[in-house]
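In the two complexes below, chain A is the common chain; its partner is chain B in one and chain C in the other.
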Partner chain A sequence: MEGFIATGLIGISLGSQYTLLALGFTLIFGILGVVNFAHGGFYVMGGYVAYYCTSMLGLSYPVALLIAVGSTAMLGWLFETLILERVIEDHQATLMVTMGFYLVMATAILMIFGAESPEFSFPIAGVWRAGGVYFPYANMVVLGVCLAAIVLVYWLVYRTNLGRAMRAMAEDRAVASALGMRTKVLFPFAFALATGLAGLTGALVTPILALAPHVGDPVLAFSFLTVILGGLGSVTGATVAAFIVGLVEAYAAVYLGGSKGALTLFVLVLIILVIRPQGLLGKEVRRA
Partner chain B sequence: MASGFGRLLGGTLLASLVFGGTAFACELKIGSPAVLSGPAAQWGLALRGALEFVAKETMAEERLVIDGTPCTVTPVVIDSKYTAEGAASAMNALAAEGIKVVVGAVGSPEVTGMKPVANRNRMVAMVNSFAKDAIGPQWPNVFHIGPGPSGWAAPIIDKGLELYDFDKVAIVAPNDQGGTDIASVNAQIFTEKGVTAVEEYYQRGTTNFAPIVTRLLAADPGAVDLASSPAGDAGIIVKQLRQAGFTGPIFRLGGPGTEEIGRVAGGLNVLQDFLWFEPVAMDDNLRALEQKHVELMGGPRPENSDFFRWVYAARMMIKAVQAAQTVDDSEKIAEAMRALPVDDEHIGAGHWIGQSFFGINQELSYPFAIGVIQGGEQKDFIRAEAVSEG
Partner chain C sequence: MLSIEDLHVAYGGTRAVDGVTLQVEAGQTVLLIGANGAGKSSLINSVIGLVRHSRGRIRFDGRDISAMPSDARARAGIGYSPEGRRVFAAMSVKDNVLAGAARLSAREQAARWDRMVASFRFLGERQSQPAGELSGGQQQLVAIARAMGGAPRLLLLDEPFLGLAPVWIQQISAAVRQMQDEGIAVLMTEQMARPALKIAHYGHVMRSGQIRRSGLTSEIRGAALAEEYL
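For the complex of A and B:
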């Protein structure tokens, strides 16, 4: 029984990390209609900015976290305004542009910091234990930040005029623009919010796991999987799917093994998508 | 008409200069499919660093002279991404450049992918890989830079059993050839030593190992072996093992990279009790080699100590090319290699082995070392003699 509970905690911990990543990914698709293949790059950048601030500049970790969020949000804003905005109506072009931007980011990080992992540890190192059940304090912090991020994103998207405007743009860009909503302000804001979330996740999670230029690849794959499962563009769907993916991954890996566990997860996602091609909570047609 | 003749004459002159120039030049291009990205990048960086160093050393000291002409040596290194398809693609690109001499790759999946390309394009290669079929009679021009765990795991396990009390080990590795071949050999050797071994595999690309760690610990092992898990992965596994409360010794019978594992895990205190295969025992000769690297390359050697093995391999390849007196006849180079004594001015002498394990006597064997961290403190390397057959 202890093993079952411990596995559940691991699943929740994984789910919270996936939620933070998936929220940004799904926001970008939901509002801009762009599948952001550079999402993993912003995650890695967040990690390296936090690492640079703490290890090279000697700043405290919370300050480094804020700088990581700010710098990834700023880069996201610039990227959307200067590059993505020019091709936003062409879905294939946005795929190529975001993928290309990811490669540029990953290569730049590789050139600056090298291919090897630096020493970058979470400032809180202890582990809570109760018999055979354990939960690292660092994971508790991530879970707390994840819950706060979910609340913040929901509040912003569903309870503010800014959120209403963004949802209106997502519903019908032409009509929303005709009503006076400003695409050139709202789109970069949404993109910056999402990339800031990715940067926050990178700054929080890489010291718990590992920091290296390539760690954005699996992050992109899992974000994509989670968001497809939840329904592209659905914030609620992404949150629910992230915790499903985390729990299935944990239980399948513990009880079936690493190889079969990964297989189980992908087969389950495949079955769900055969039954509900639009994902768990996605809409069948996206109009904007 | 006159200007057409002039152009023809000019072209002929230019062509004769170009082709005449290459006829007398001597350039050895050493190709290398090396992992330069991903969690195993540290191994590839060691390979690339060794090739660049040996190339510069060869030219600076005129170690390669063919028909009285000192040769230039140019390493051509392509990222093989630690995959079979990446290595095959890199080898095809090297073959397209006319390269016949190859040093690398590092990992089993890469070597599996590159060997057919090497055969097809008549290349001679010096590879790593701890796979059970790293070399063999079907690849007569492929040589092996040193034994895998079949050669050196036993003395490291003996040392572990001397220092710690355990009768069960959990072995964890990626679920591809780069993991399963090594883990299964390690399991066999642990079993021969009277230790029960359980094997657990994970999907390459996994970033959070907490579920795998939970499964490992459910087997109640007294020790864990990380086998050939890349350094980045191994560091996370160690960190999460200690978080889960595991206090036993951890082996890494799969390759060097302890520095990076320590950095990812959070320091030597987290590694706590750790034993690994170290390619060389550091001594004055090797410190002289490190100093030579600083002088020639203007900086310290690559961090991963696989650098020394690749220096050994690249120097052997240069000696074989020198003995064969050709930079592009792979058959002659391979033949010359087989006749060379296994020896290196800094690392020491050894012998050719491989007949009993691979069916072909084309594996270099030279002294290696056992690395030990005990109670969070790194001990001096323990020197082990070159493995021999018979």
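For the complex of A and C:
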């Protein structure tokens, strides 16, 4: 029973990480109509920026987190404004450009930091225990920050003018701009928000999992999976799906063993998509 | 207030609008009447900037707005209610209405919303319901209220009666009269000549992208009604 609860906690903690990644991914898709293949790159970059700030510059971890968020958001903003914006109407071009940008980011990190995993561990060690339930403090902090970030994103999307404009933009771009909403401001903002969330996740999670130039690949795959499961473009769908994915992954890994965990997840997703091709909370296919 | 000169809009080789000139004066309601494909929507969409015109000039308040993006035109004071309503289906009624009011302060938005609710009670009753769940007539009112959210001086209404039952046509007409009382100029398109003629001051009959007849609504009634059956 204790093992069951502990695994559940890990699952929820994984779910909150996936939520941050998936929220960014789904916002970019919903608002800009772009599948961001560079999403994993911003996760890796967040990790390396935090690593550089703590290990090389000797800054404290919370400061490093903020710098990681700021720098990934800034790069996302620049990338959207300078490059993506020029090809935004052309679906294939946005795929190529984001994919290409991911390769550039991964290679740049490889050149600067080398191929080997750097020594980057979470500043808080120790394990919380209650009876037979174990939960590392590091995971607890990650869970707390992720949940706070999720609440912040929800507040932004559902309680502010900016969020209302972003949702309107996601539903009908032409009508939204005909009502005075500024695409030129909102597109880069949404992109920066999303990449900042990916950077935050990277800075939080890579010290627990692993930091290496290629760790962005599975991140992209999981973000994609989560967002499709939840329904492309749906914010709540992405959140629900992320927690499902996290819990399934945690339980399957513990009770079925590593590779069977991934298999269980993909089979489950496949079954759900056969029954509900639009995803759990997806409505309809996005108008082209 | 709005002045369109020799407007041409083409999609590929097809001429949707073929040399239209018309004016909308402050406080005036101008009706564009014509069958499907007459070029009415293309004209409306080129005024708000969703469609680029190939020739001609569009002036709003004496300023040439041809080069402005559509969001800047909206902020300059043009409200837009599209053909087929196109409400933000997943968003609440209140969010829909305030979507066009983003640049107002929270207090101004609240005042704006209260005024809308005072005019259309059902907006208040349904405020947190997703707009996509409403009936066609209710959605049309949401679309008009949404266009009014930004406090425009010119309102573009593209086929506001499309697919609506007579009782809703009356409701929409009442809403348009209310805009008129507030001094807002309206440029509207309609296929249904009969109810539309009742609320407009001036009308143009369009066919194949050109204006065939123009005049006070009383003068063009015959031509407009004939067009309805084409």
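Rule of thumb we're sticking to: the second predicted complex is superposed on the first by the 285 of 288 C-alpha atoms of A that agree within 3 Å, B and C clash if a C-alpha of one lies under 4 Å from a C-alpha of the other, contacts with A are read in each partner's own complex, and residues count from 1 in each chain.
Here, contacts are C-beta pairs under 8 Å (C-beta built on N, C-alpha and C of every residue); 3 or more make two chains touch, one makes a residue touch a chain.
What you see is a predicted model, and the numbers here were worked out from it, not measured in a lab.
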*Counting touched residues of chain A, say whether chain B or chain C comes out ahead.*
B
*Is A:L179 in contact with chain B, with chain C, with both, or with neither (first, second, both, neither)?*
second
*Identify the partner contact of A:V141: answer first if only chain B is touched, second if only chain C is, both if each is, neither if none is.*
neither
*asked:* Contacts for A:T7 in the overlay, against chain B (first) and chain C (second): which applies, first, second, both or neither?
replied: first
*Go through the superposed model and pick first if A:I83 touches only chain B, second if only chain C, both, or neither.*
neither
*Does chain B (first) or chain C (second) touch A:A93, or do both, or does neither?*
neither
*Please work out whether A:A108 is in contact with chain B alone, chain C alone, both, or neither, and reply first, second, both or neither.*
neither
*Identify the partner contact of A:P218: answer first if only chain B is touched, second if only chain C is, both if each is, neither if none is.*
first
*Of the two partner chains, chain B (first) and chain C (second), which one does A:L59 touch, if any: first, second, both, or neither?*
neither
*Take the contacts of chain A with chain B and those with chain C, and give the residues found in both.*
none
*Interface residues, chain B side, partner chain A - complex*: 36-39, 41-42, 44-45, 175, 200-203, 205-208, 210-212, 214-215, 218, 231-232, 235-236, 243-245, 260, 262-264, 266-267, 303
*Under the touch definition given earlier, write down the residues of chain A that touch chain C in their complex.*
161, 164-165, 167-168, 171-172, 174-184, 283
*Enumerate the contact residues on chain A facing chain B in the complex.*
3, 6-7, 10-11, 13-14, 17, 110, 115-119, 121, 125, 127, 129, 134, 136, 209-210, 212-215, 217-219, 221, 249-255, 257-259, 261-262
*Which residues, counting only chain C, touch chain A once they are in their complex?*
48-50, 69-71, 73-75, 79-80, 82, 86, 88-91, 95, 98-100, 102-103, 146-147, 149-150
